[in-house]
Amino acid sequence: MVGFFVVAVVVIVVLVIGFTKQPPTVDYSNAQSGQPVDVTLQTVGAYGSAPHPTWVSYLIKDPSTGQWVHTSYFQVPAHTRVNMTIIQYDSGSPLRNQQIGMVTGTAGKVALLNGKPFHVYNSNAGNGVGHTFSIPTLGINVPLVGNNANANLCSAAPCTEKSPHNVLKFSFTSPGSGSYPWQCFVPCGLGFLYGNGGPMQTNGYMAGFMKVVA
Amino acid sequence: MSVAAEGGAVSEGSGAPQGTDEPPRKEASHGWRLFAIWLVLSAIVDPLYYIFAGPHIPPGRMSSTAGGAVFDFNILIVLAIPVMIGVWVYMAYAIIQWRASKGGPEPEGGPLAANNFKIQTSWITITTVLVLFLAGFGTYELVQPEGAGGGQGPNPIWTPTSNTVLPIQVIGQQWKFTYRYPTFGGFETTQLVVPQGVSIAFHVTSLDVIHDFWAYQLGVKADANPNQDNVAFTTPYQLGSFVVRCDELCGIWHGAMYNNGAVVTKDQFEVWAQTTEKALAANTKLLPPFAYTYTPDANGADGGYYPDNVDPYSKVETYGATQPGSG
Amino acid sequence: MAIDITETPGTDFPGETPIHQPAMRRGSEWLRPHMGWAVVGAVVGYLLGHWFGNIIYGQNTVPQNTGQNNVAIVLGLAFGVAGWLAGIGALTYPLAKLVGREPPPPVPETGWMRYFRYTEDHKVVGMQYLIGVLTFLFTGGLLAMAIRTQLLSPTTHVFGPDTYIAIVGEHGTIMMMMATSAVVGPLGNWLTPLMIGSRRMAFPRLESFSFWIFSAGYLVILSALAFGGFPTGWTGYAPLQTQASGGMDSYLVGFAVIGIGMIAAGFNLACTIINYRAPGMTWSRVPIFVWAVLATCALLTLATPSLLAAGYFGILDRTAQTAFFVTEHGGSSFLWQNLFWFFGHPEVYIMALPGFGLVMEMLPVFTRKPLFAYRVAAAGMIGVALLSFFVWQHHLFQSGINPDMRPLFMLTTELISIPTGFLFLVTLGTLWKAKIRFDAPMLFILGMMFNFLIGGITGVFLSDVPVDVTVHGSFFVMAHFHYTIMGGLIFALFGGLYFYLPKMTGKTMNRKLSIWHFWTFFIFFNLTFFPLFLVGLLGQPRRVFEYAPNLQTLNDISSVSAFLLGASFLIFIVNFVWSQWINPTKSPDNPWNSLGLEWQTPTPVPWYNFERIPVVNSDPYHYGEPGALPVADLGREPLVTAGVVSKEEAVQPGELESPDDTDDFDPRPPIL
Amino acid sequence: MNDRLAADESFPALKETPEEIAYELRAQEGALWTGSRLLIGIWAFGAAGLAFAYFYLRSANNEQLWRPDGITAPTGLGAAIFVTSVACALLIAYGNRRFRSGVTLDWQVAGWLTVFGALVAVGLQIYQLTDLPFFPGSSGYASCFIGWAGFNIATLLVGAYWLETLLARELRLRRAVAEDGGAPRSALPAARLFRANLEGATYFWGFIALLALFFWALFYVL
């Protein structure tokens, strides 16, 4: 009897710990107030190691150590200009819905692709779009233009700038404090129906939160 | 369960003649007392509800269909209140009056206590009448305001009487809604703006799994199915903003799949639509031509749920361009 | 009756025949099949299936790309279930049958180990089901509290959104699986033979099978968490289902496994009720609970195949890459919805009807009055069972199919409230001028009536298409079905447990704790779920991890009450453990002074239930009738004298001699 | 759990009267009758799910992908499976007639042939699955066909298993009932239940034949 209860309690505790486990948060909110915050992300076509080596993933650069962290949670201060840099190491394809080929919600409604501003990207031309960085509640959407699929692409995170990549830069002003879901809208879950399973539906890969703190 | 009260009341009302071989005096009193309590309470609570709570029932009266739903809801509540009062009053009465600790006579068994034909038939009759009335009333309310705002599939049978219907396409996708305005060049946007006083046909469809377009204050709800045009009608009456939510579980971001829409005057709408059409022109020409359904691509951006050498795709255009992985 | 007492040969009761029996080859207690071996079998089976799945499918592109092999998971789970059944010994006889063996003569199991075995005693199976159902219930309850924890705040996330929908799906599925067996499993199996005056079930092995596959279903559905959960909720809508990760396989296999168990349980109970009624137990004397079980069995056996078909298609879509539910490959996303709800709506009544039956069964005992309108009640439950096959599309009012059918389905849905309303005709009629004793079961009955009224009436709102446009898929629906299932079925279950546990275990439950349990349960149940009607009406969809900030107060009331509701369950557990094990009080044979046949047995009930097969005189509701006959002649009178069995038909003692002593053939009727 | 829950097991042994044995025997026969019909009902509802999928997808014909180019599964194999199933059902029906007239040997031969035939049909069905001209996910027809193949295999295996257990049991019963007129005639309980069981199995085989006919028409003819 007692043993049964002990086992039950242990199982429940383990489950609760397992359930409440979320990806780590990379903290950008320690910057001096009023100063813009520089956030750096990268995308990789295949994370390369367990538990899901074949899944695409975002990684976030820890500002204090300069290390790439496998997570999709980052924290920025409220009402501050956020300068995003996303290094795209993945290939691209035509979009299912070209509507997300448009840059919205960023400063000037543009993003810089390797330094060149653009507003609408034709995903049917060139290398297509690999992912998007989107915060739907803030109306932010930036297509991450893909690399040539035939190039020698990076296949294990974290990627270094030696691999082919595109750099996208854009800025927006962070809203009031809260927790804002951000995600990729390109169905990049390889092998899942509609491409929206797996990494697209798992925190820490292609979905996460931008936490804004006052 | 619907008509417990009426039936309950009748069972009390006609409870009097049940024990004809007994002195009927005391028999009758329970029934009539219950009936009186029920009548008085219902007569008080029903009008109170209708006058004070009725006008404030969500989702309000922003559109024809929302108004219809609220009216229907109120009628149902007005019918439900006496039923519930009836059952609860009866139960409370039984608990107080017929509890064992109060002593009292032993209950009577026998066929009369087990089977009172009159009460049974009146119960069945009353519930049946009420249910048939509700079904008839519900049908009328469904047919009357253009299908009550529910999704009616590709060939709607209850359509608005007005000649000018503004079509707006709602495209559900994991995990957001986008809207196309076919009468304005088919631009696609994440903003939903609708004009006041114009009948609107929402053509709801999906690019992947099932979603559900729920324009809450407009009283519109229609599933977004892949490859299916699901039409729902409404006519907005009041200006203001409304909430759009996804109402069918569609994966991780189901709870975050919402945005706000706005009802504006007709003139404002024209201005908004034409400006947006211009602003989005560059992107609009990259979109596939407007159609009521688009064939989603079962494969993702980089191919594969179904193997590439299977080729059912070639017969139809998928939304966007042909995916490289899908042959 | 093939059960023979090998231990007591040669008793010289007239007519009792000592027969030759092959010596029982009983090994050590621990080597015979029991739950431990089942666990071993399940693990071995899972590993074997997984390995096999990887061999045959591992090189396919889908597992290569996703890193996840659905075939291996499905085969692993299927083999695991088979291993579980083999370990418990469920497959021994079906295999022995292949060489024509008669079943081994069962020896009544004794001792606590029998609760971990594959037994043929319906009372043991009933107790197993009770523990099983409570395990499901408490697991689902903990998950429910996890959900309410997340919804304490509109924007702060205790769980990530992916974990949250996994929890939601797990809670829904576990609870739905539990609820299909909540009353029929423990009480239906335990009581039915006693109520109809039978010594046994028609197919006792099938009955035991239904429990052990039910328990395997628990492990399968829990395994979903190990594979990352499933994102579809308990309805499993495709094509989201086809897209989902490995947890979805657990859902599909789990529902299939539970479905097989449901069919087996319903099949056995239906055959038992139809054929094993004691002499004199005519259809108009059958206890109302048995009618409820019979109506439920019709649904269990005939609606569940539709679920199995749907699940089978789902598994094929996920493993063989067929396209039943994928529109652009010639399938249809509506197909799952239709098949699932064709099962799903009768399933709602699989849950509701036994609750009705139980309430109506217990009520006369506490009112000391005959059951009012017995025939209407029985006809009503059959009517509900029939009509429930014709209402499924009311779940699809906004889905965009068959708009022209909507008035029809609105009508059938509202029509079903007529027979459902008979519950109130019966209960209110029975309360009329009664002498009500407020013991714990009676409190639960009244609580059930209170809750089910709200649940039922809101059901009418949902059936009305214009109102449904607003409330469909919102928390309003959620509150509605919690009022009917939890407020109805679970209240009836606890009432039934307080009522029948003294008979089932021979120990009375503590009265004070029972009444505390009722009041906390009733109050916090209503405080938890009533606000959710408003939350739904104010526009909160189901299964969301975020909601509008203005709904926080209502959600918080609900959440806090939910935790207290959880605490109320703890009172039950404390009461159960205290009254059954720590400080047991022996119960008299008939503590409630009931007329029911099941109460006329000694406590604890002998494994053969009745010393003589009873001859039934009347229905068990003749309260308040001083001169009424006892419900049954508990049978000193031989059946021949009662005119039930002709002399010619009765097997003569001589016939039972085995013609050949060397054969291990038992000439008596075998247990099927 | 501890022992107190199950403490009292000191009941008098069960002493059945012959009348009670007879009464329960009748109940058992009845349960077999009810059960075999109910099983057919259960199986029919499962098949109805498949038929519903067939007609639903056929009438929806999404993307004109119900059955592109009128392609079917290999018809020769399909016909062979269908003919084998129906022949088995006819054979066992004939065997059962012979059994009722007291000729157990004919029934045994017909029965074992039926079991063999069912296994052959299962084998053919599996072979056909490896030899399909379409990918499972390529059309509605393809999906339904895969579904039917699996369902058919399950049905045939259940029918074969049921019949096999009866055949084996009859062999084992044979000595015991020999003096009493053999399995077809004996009044012994085991023989009576055996006959009730056999009657159910025969009905089930008739049902298998109907299913085979119905789905053969759906998948190869229509």
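General observations
To keep things simple, chains are lettered A, B, C and D as they appear, and every chain counts its residues starting from 1.
The rule is short, and it goes like this: contacts are C-beta pairs under 8 Å (C-beta built on N, C-alpha and C of every residue); 3 or more make two chains touch, one makes a residue touch a chain.
These numbers come from a predicted model, not from an experiment.
Pairs B-D and B-C differ in how many C-beta pairs touch across them, and the larger number is found at B-C. With centres taken as mean Cα positions, subunit D sits 45 Å from subunit B. Remark: subunit A and subunit D have CA centroids separated by 55 Å (rounded to whole angstrom).
Inter-chain centre distance (subunit B to subunit C, centres taken as mean C-alpha positions): 31 Å. Rounded to a whole number, the gap between the C-alpha centres of subunit A and subunit B is 37 angstrom.
For subunit D, residues touching at least two other chains, in rising order: 1-2, 62-63, 65, 135, 137-139.
Shown for subunit C are the residues in touch with two or more other chains, namely 61-62, 65, 161-162, 231, 239, 242-243, 321, 323, 326-330, 334, 581. Along subunit A, residues 1, 181, 189-194, 196, 201-203, 207 each make contact with two or more other chains. Listed by chain label, the pairs that touch are A-B, A-C, B-C, B-D, C-D.
Against subunit C, in their complex, subunit B makes its touches with residues 1-4, 7-8, 11, 15, 30, 57-59, 65-66, 68-69, 72-73, 76, 80, 83-84, 87-88, 90-91, 94-95, 98-100, 104, 106-110, 113-116, 119-120, 123-124, 127-128, 131, 134-135, 138-139, 141-143, 145, 147-154, 156-158, 204, 208-210, 212, 214, 216, 219-223, 225-232, 243, 245-256, 295-298, 303-307, 312-313, 316, 318.
If you check the complex, the residues on subunit A that touch subunit C are 1, 12, 15-16, 18-20, 22-23, 52-55, 178-179, 181, 189-194, 196-198, 201-203, 207, 209.
On the subunit B side of its complex with subunit D, the touching residues are 227, 295, 306-307, 309-312, 315-316. Listing the residues of subunit C that touch subunit D in their complex gives 1, 3, 5, 7-8, 11, 13, 15-16, 97-102, 108, 110-112, 114-115, 198-200, 202-203, 263, 267, 270-272, 274-276, 279, 301-306, 308-310, 312-313, 316-317, 320-324, 326-332, 334-335, 338-339, 342, 505-506, 580-581, 584, 604, 606-608, 611-613, 638-640, 644-645, 649-653, 655-656, 658-660, 663, 665-670, 672. Against subunit C, the residues of subunit D that register as touching in their complex are 1-6, 8-9, 11-28, 30-32, 34-35, 38-39, 41-43, 45-46, 48-50, 52-53, 56-57, 60-63, 65-67, 135-144, 146-147, 150-151, 161, 164-165, 167-173, 175-176, 178-179, 187-190, 192-193, 197.
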